[in-house]
Structure formats: C-alpha cells, structure tokens
Amino acid sequence: MNNDAVTAVLLLSCPDQKGLVAAVSDFLYRNNGNITHADQHTDLEKDIFLQRVEWELADFAIRRDEIGEAFRPIAQRFHMTWSLHFSDHVSRMAVFVSKLPHCLYDLLARWRMGEFQVDIPLIISNHPDLRSIAEGFGLEYHCFPISPETKAAQEERTIEKLEEQRIDLIVLARYMQILGEGFVDRYLNRIINIHHSFLPAFAGARPYHQAHERGVKIIGATAHYVTPELDQGPIIEQDVVRVSHRDSVADLIRKGRDLEKVVLARAVDLHLRNRVVAYGNKTVVFD
Amino acid sequence: MNNDAVTAVLLLSCPDQKGLVAAVSDFLYRNNGNITHADQHTDLEKDIFLQRVEWELADFAIRRDEIGEAFRPIAQRFHMTWSLHFSDHVSRMAVFVSKLPHCLYDLLARWRMGEFQVDIPLIISNHPDLRSIAEGFGLEYHCFPISPETKAAQEERTIEKLEEQRIDLIVLARYMQILGEGFVDRYLNRIINIHHSFLPAFAGARPYHQAHERGVKIIGATAHYVTPELDQGPIIEQDVVRVSHRDSVADLIRKGRDLEKVVLARAVDLHLRNRVVAYGNKTVVFD
Amino acid sequence: MNNDAVTAVLLLSCPDQKGLVAAVSDFLYRNNGNITHADQHTDLEKDIFLQRVEWELADFAIRRDEIGEAFRPIAQRFHMTWSLHFSDHVSRMAVFVSKLPHCLYDLLARWRMGEFQVDIPLIISNHPDLRSIAEGFGLEYHCFPISPETKAAQEERTIEKLEEQRIDLIVLARYMQILGEGFVDRYLNRIINIHHSFLPAFAGARPYHQAHERGVKIIGATAHYVTPELDQGPIIEQDVVRVSHRDSVADLIRKGRDLEKVVLARAVDLHLRNRVVAYGNKTVVFD
Amino acid sequence: MNNDAVTAVLLLSCPDQKGLVAAVSDFLYRNNGNITHADQHTDLEKDIFLQRVEWELADFAIRRDEIGEAFRPIAQRFHMTWSLHFSDHVSRMAVFVSKLPHCLYDLLARWRMGEFQVDIPLIISNHPDLRSIAEGFGLEYHCFPISPETKAAQEERTIEKLEEQRIDLIVLARYMQILGEGFVDRYLNRIINIHHSFLPAFAGARPYHQAHERGVKIIGATAHYVTPELDQGPIIEQDVVRVSHRDSVADLIRKGRDLEKVVLARAVDLHLRNRVVAYGNKTVVFD
C-alpha cells in the first residue's frame, strides 16, 4: 500500500445480527476493495455491532461519489447508522478558548506542522486575551463575551460564524463556558472538550484544587464529546500522571497542563482520522 | 552501611517552625547518629512540618530503649506528634477477607517469601469460603458472620481476638463489610483498605460496573487508611491500567484484580517500613 | 450471548490478498456462525494478513470435529497458517522455576482461583528450593539439576516428562537456564519467558544491577516467546514502573518482582485465551 | 510562605559524613533561614551525600551576595561540590534544532506562556528550515551548517555566539548533530538532549524503526545531560507510552513526538528550578 493512497472509511453501528460482517466484506470484495484496516466491536449488553472499515479507492469499482448510494441497500437491510469518509478530506475545525493558552498553542503548532489534516478558519473566545496568539498564526479571532443576559444571542452569532465557515468540528481548548443545549444538539458528537481531571473524579469546577484537597496520588485529564449534561459526554481519551504530597496545587496545574494538551490532541487526532464512533454515552475507539 | 544494620526511624509532624530541622539533626549528630535516610515535607497551606529520619543504632550514643525519653524534650518544645520505630521490629498483622481470594493469596505469598517483615497470627472473615487458603498457609481463620443484628457483638469478639494477638495492623483484603466507628477509632491509621476504583471516582458499590457503564478508558485501585467516613480515608497508594471498549465488566474485574493486589501490597509495604504519615485526610509517603 | 457458551476460535495468518475477509466471513455466515469477536491486522511491510475470529458453537451448522475439515479448502486457497481452538479446551501447562518463588506463587494462586483455564500437571526445576511450594498446591515437582555436562541428557529427561503429560505450554517463571535449541524448536511459540527488564534494554544477566548502574528513571519487564536466540523472541507483553535515585538495587528488585509476575501472568492469559499470533520475531495480540 | 518570595537554593554533594545535615541546618537556623524545601540523598554504594535545601531570603540574616562567602567554610570542611542559586534568577537558554519542529514549538510556547523563567536569546541550527518559527516568536536564528570539514570551525563560531549571549543552558531539541568533546566539556551538565527512545534501548539512529522492527509493546523517550560518550549521559527524565502491532513506524513517530516534547520540557523545567544534581553518570532529581 502506498501510504498516501486515498482511502474510504466506513463507520457504522446497528443492532447485532448474523451476516453483517459477511455483507460488508462481500460488498467490498465484489467491488475490488483493497481493505487496509478493519476493526469491529460488539456491545454484548446492548446488542449493538460497530465497525470501521477502510479501503483504497484507487482500484475500487465504484466511483467515490457513488459509493454511498451503492452501500445504502446494505445499510437499510441491517438498520445501520453509518457515515462515509475519505482520507483526503480536509476537515474544518474551530477552536474555542477562554484565557488559558496551552492547549491553543499546542493545537496550532500541530496544525502548522501538518500533524492534523485540517483547516482552522477561526478561533472563538469569550475573552480577548489570546488574540495575539491566534493572529501570530495568521488566524481570525472572534471574541464573543458572554454574560447570562447575552449568552443566547452570542451563541447565535457564534453559530452564524461557524456555519459561514462550514465548521465540521469544534474543539473546546479550556473554554470556560457551558454551551447551550441547542448549540450542543446542533453539533452532537462534533464538539470535543478537555476536562482537567480524570472524570468522573472531580467533575465540576477547580478539579486540581479538589484533587489536592483529597490527596490523590494520580491526576488525570479527559477528552470527551460534549453533551447537554455537563461532564457526562462520551469519553474519547484519558490519561494520568503520578503526583505526590510534594506537589502543590500549582504543581498539579503545571503537570496537568501537559496532560490536557496531549489528551486533547489525541482525541482530536482520533476524531479527524475517523477512528471514533460515539453511541449512547460511550465511544468505541478503533485505534 | 550494612544493609542488615538495625536502624531507628523517627516519624514526626508538628506546626512548621524555624529550627526544627536543626534541632533534630543536632540531636542525632551529638549522639553519633549515622543517618541513612532523611526526608521532610512542609504542608504550606496548613503550616505543618512532617519528617522521617532513619539512622543506624550500632554506634548511636543512646540505648535503644532510652531514645524516646531522650528525644521527648525536643518533641515537646516543638509540639510534635511523633513515633519511634526500629527496623528489626516484627509487626503483627491481621488480614480481613470475605469471599474474594486474590489479595489474600498475594499477601500470604509475600509474607511467606519474606517480602514483608511481619507476623500474621490470624485471618478474619465474615464468610467461611477462604478458610482452606488460610489453613494451607498454616494460619488461624476466624469466621465472624455479620448481620445487622450481630454486627456490634461480632466486632467486639473480633477486637478481643485482635487484642489477644496484639495486632498492630489490619489489612482489609477485599473485606466487604463496613467497620463500625468505634472499631475504626481504636485502630486509626492502622487499618488499610483496598478500594477497587480510582477514588474518588466510583466510590461505593460495584465500581467496575460503574466504570464500564461510564465508558472510562482507564481504571484504578486505591489503598487508603480507613476512617469512619466510607471511602474518604487518607490515600496511601493508587495505580491505574488502561482499558478500552473491548473490555467487558468481567475484563475490568480481571484487570482490576492485579491492580488491587499490587496497590494493596505496596501500601502495606510502605506502612510496614514506616514510610507513611497520615495527617488530616492525607498522607505523606516518604518513599 | 451466554458468557459461558462454548466458542470456536480461528487464528490465521497468510499473504495479504483481496477476498480473504469475505471468504472467512462468508464461511461463518453460511454455516450460521454467530461471531462474538473478530479482529484482524495487516502487516503492510511484510504483506501479511492476520486474523482472529471467534464464534458460538451452539447453533453452528458444522459439528466441532468437522470444522477443521470444512475450513481447510479456504485455508489452502489463501495459503494460510492457521489453528482452531475451542473455548472449553483445558490446556496443560508446565511451569519451570529455579530459586525465585514470586512468579510461581502468583501463577499457582491464579490457577487455583480459576483465573486460568488450565491444568498444571507438573513443576520442573533445576533446583530443589521451591519443592514445598509446589507440593503445598498438590503438584508434582521434578528437579533436574543442570551442569554443562548433564544439560543435554537432562533436557531429554525433561522432554520425556512433558510428552508423558501432553504439555501444551511451558512457562519459564524466572527459570535461570538457557534451553537448548532442540528443546526450543520442539515447543516453538509455546514457551513463554519473563525477562526482568524492558527488553531490549538490559538483555542478559542482572538487569536490575545494570538499570541501577545506568540510572534509569523507569524499569520494566518483558514476557516473550522463547526462540533459540537469547532474549530475542517475539514480545507478548511489557510493562514498566517508575523508579528514582532513592531506589537501591534491592528496591528495583522488589518493584520488579511485581512487574514480572503481572506481565508474565498477562502473557500466559493472552496465550491461553488464544489471543496471540507470533510471526517472525513479532506478535499480534488480539486483545 | 508567599509563593513569590525570593528563595535561595543550595545544591551540594560530598563524601558522606556524620554531621553534614546538622552543619547545614545549623547554618540556616543561626542565620534565621526559613526552609521551604529540603531533600537529601545518600548514594550508599559510592558513599556520596547529596542535598538540596531552599530557604526564604526575606528574613535571612546574611545578604544575598555574601551567602556564598559565609557558607564556604562549611563547604570546605566537608569537601563539598556545591552551587548557590536564587529563585529570581532568569537563566539564559539557547535551543539547538535541526529540521523537526515539535520540540521547538513546545519549548517556545512554554517560554511565551511563562512556564519557564528563562530568556531565550537565540536559536541555533545546522539547517535553515525552522527559521520562520523562531522569527515568529521574535527570536534570532543562527544557521551554522555542519560538514565534517567545517564542524570544528562552526562549533567555535557557535561557542562565540553562546558566550556573547552568556548562555547558561543549551537544549538540544532534536538537534541531529553530535557535539565535539571540547564543546561538551565546556558546558558539562548544562546541555540537555532528548533522545527518542527509552535509553539504553535503541541507542543510536532511527530508534522508532528499531522499536518497530523489534516489536516492542511500549516506546519511550529520554532526556539526559550530554557527555562525550553518545547517549550515555546522566538521565534526567524518561517516560513511555504503550503501542501495539497496529502502530506503524509512522504511528510510533507520531506518538513519540508527544513523549519527546513533554519529557524534554520536564527535564528543562527541573534543571531551571535547580532540582537536578548530576554526579558520575547519574542524576539525583529532587522533585
């Protein structure tokens, strides 16, 4: 396989049934699909089958814009929820920030280095503080200050901007505002947040202070899709680091920053490479 | 230093003050103490100073049974809470179990291999299930079944046994009963429990089921001193292991068992080597 | 799915070709196979395809003793190396030890608790030291002391014992002898060794001393299949633990013991659940 | 303690002797030193004592520019190697790079965010590629291309630049040149390199390719002081991440980048906060 070869990725979930795998693999085989990655998972409790399959487009018998149509009958037969992606697609990502710059710096450096195959048309914030960073990377920075009174209106203005720029993915890079339910529903499973604790431990505010107060020996960070229920969305990635009594709250915050930025970046990367399927309040990560 | 040389260990905590370190080190120096380990910590929020210092007894100018008396004036001057230990002391440990054997097996194998410098005069349980394991290691097994009605009386009988055997340390090796407040107070900071989650996440019952339901990507285990408030005692040690959507509840339980036994054993080892000082709801682990 | 349902597991590897996945999934579908686990991997450098597929036997259209025969034509068409396993099979495992008991204790406790679905007909050693442990668990202990002169003859006697007992899997639980090439070839990919370092770091003797001398901040352990080249076999599992300047060689050994026993047990478990395929000097672990 | 209070830090090592701790703590106590951190270590094999002690300057009886003089008699009496640092000192750091930008981006972002208390007067490279990044952060970028013929002369020119800028610390942020022995000696224990493997595993070139070829299940990164012997210098920090057969070399490189930048940053941070003492080929990290 040529590493740069364009591939198609099919992500699907449906009630578990016999013949599913055979139907999908037969569809690809009949059409001369050269599979480069396939993984599947059965949630035995909920009887849900989930699959990711990736194949090269070069020799595939169906034209790329007709694959969806050709696959639809199989999808309908098995009542699949499914999506089709192409590896040369460049997603459009908006980053939301407040005052803390470490995740923003990290995401923008990765983007600039080509780690993410993504366009970042705009940075959105409720504070003006990080404007110079965004502009240093040549990016638009839109500041929508939010108060209880203005929240609804500001979210509408934000959505306008996002639609104008055809945003696929929103990354909350230590954005310290709770998004409204309408906003969340509109971008369901397309908003990734980084929570600065090992959820569900220390949900809510000031988790490093909570962790220090509790005297834990390990702290963590959690990247998850945002759902209307705060800190309850499907977890994409978590990681931890060991701490000790020697660490002050400031040390936890310092150690936590590195966790946050790496865990968030991993989650964004997994999402962009179409490796994540969210279902219920969980994810399957086909790594 | 001869690794087998007998040492004295002083563990102390007190309000932070100038001259503390100088006073302790001067006491040891004047009496020809050869320090083999010293570590200290200042809790800057609570202004508490904690120290562990270990020195060889061989050339020390004060006889071992007079060290406490000699040190007392310094302790009083600085309002210390302190304890003195000797490295050749063999602690007396009781293990409490219910039905799950993995931590018990692990502790007994370590004891038999000489990993722990400890005597284990008895195993206590609220179920008969693990009797044959205890007896296979040549240990007494006392079964005190507990119901809401009998609990108080059974705890009294248990305490009698513990006192009869002059028990220093109680290890709850997946003991599925909540100890009464009087019991806990009597053995404060001398009861170590293993909780099968990364506390404070999934406190309470069936944490692996909770973890699976929540879809976390990492699970943990927590060894802590028991306090009257359930799952709130000072944490001694924690560790984690990565899991994925592929892991069923049974897999989490299986992976968790290894965490539990290792984390519990580390905590017991740290306690026995006089490396832990609990204060408030926290510990300092002088590792 | 009933968790106790008997399943069949097919492990296969072959040159990568189109139609492979379709052929296998079609075989199962046509015969009414209810797939409970499927995973696959393509080694793109060596163009090798590897797959694990597991399905319930209950409703399968082919009798279990005829499945191999029925599958053979597919295997031949794709030039597969393959093996077929049944989840109710009880493997027969021999444990080889020298003088260190921690891995032996751990394996035997797991076996006794039912963690491993395995029979352990005998323990083999080149030293008499651990006899009482084996016998405490009711197991035969055969001591074959080895010197350069007796090595070949003792290995023959050992092989006789292993064949007599129809041993499937040999676990070297800190066995401090190098097996002869003929021995290794006879049990290729059926001998699991635990090396007490993070291979390839500190291959050879006294790795903890080497690690201490080098001043590393992390130590590890490695479970691998034994090949004629020492410490070079396919790695099944590794894990690490953080250490510091505070840790003496004795501390590294102590911390390492826990790594060794857990890493070895994980590798044995993966092997017994037919999760590992070795090819070349690597493994695919279908976890 | 006021977190912003200026402190003095004493780092020392010397042959282990009685009275050392007492002498140092007495010196501080007599001069009204309020100790905020103290840690010590005895290398029992080499009989070397190492200590870090930090105290507030505010009420200290000796003026900051006279502390060294006042401490000298104690240092001489115990044959100490020692250094004195002040927490408000701003180190001057040069970053050396070649073509890979991830560590450079990360270090510069941390510097800009104030994570490091440091000035970065210049970036040095043997390639022009990363000039725009340096300049985007407003930094001088000096390109000294190196061939076997020009190496000695280019190192001299480099040293001139470093001296001109009074550089305290050199960070090799994936700098792909081996420094000459004279260069290394001049900045002994003041050059930090990041090696993209878990040393001593995979020393030398292309470690991710080596790791993939070997089929390891964990990869790592190592930050160390540079010594004339390649990849043999005292290790400051290491960390690892789990990988699997699913990871291609490209995946290892991608995962490794995050390790490299975090491990390097931790080492730089520890050095800048005067937490590291190198002795022989090891470090003591007073964390």
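Here the chain labels run A, B, C and D in written order, and each chain numbers its own residues starting at 1.
Simple rule for what comes next: a contact is a pair of C-beta atoms (placed from the backbone, for glycine too) under 8 Å apart; a residue touches a chain by one contact, two chains touch by 3 or more.
Here the structure is a predicted model, which is why all the values come from computation and not from measurement.
Participant: When the CA atoms of subunit A are placed over those of subunit D, what is the turn angle between 0 and 180 degrees, to the nearest 5?
Facilitator: Best-fit rotation on C-alpha atoms: 180 degrees.
Participant: Comparing centres built from CA atoms, which chain ends up most distant from subunit B?
Facilitator: Measuring from the centre of subunit B, the most distant chain centre belongs to A.
Participant: Measure off the straight-line distance from the CA centroid of subunit A to the CA centroid of subunit C, and report it in whole Å.
Facilitator: 37
Participant: If you average the CA atoms of subunit C and of subunit D, how many Å lie between those two points?
Facilitator: 42
Participant: Can you list the subunit D residues in contact with two or more other chains?
Facilitator: Touching at least two other chains: 44, 246, 287.
Participant: Of all residues in subunit B, which touch subunit A in the complex?
Facilitator: Spelled out, the residues of subunit B in touch with subunit A are 41, 43-44, 198-202, 214-218, 220, 234-240, 244-246, 248, 281-285.
Participant: Using the touch definition from the top, list the residues of subunit B that touch subunit D in their complex.
Facilitator: 1, 18-19, 21-22, 25-26, 28-29, 32-40, 42, 44, 242
Participant: Using the touch definition from the top, list the residues of subunit D that touch subunit A in their complex.
Facilitator: Listed in rising order, the residues of subunit D that touch subunit A are 3, 101-102, 105-106, 109, 112-113, 115, 136, 246, 250, 254, 257-258, 262, 265-266, 269, 287.
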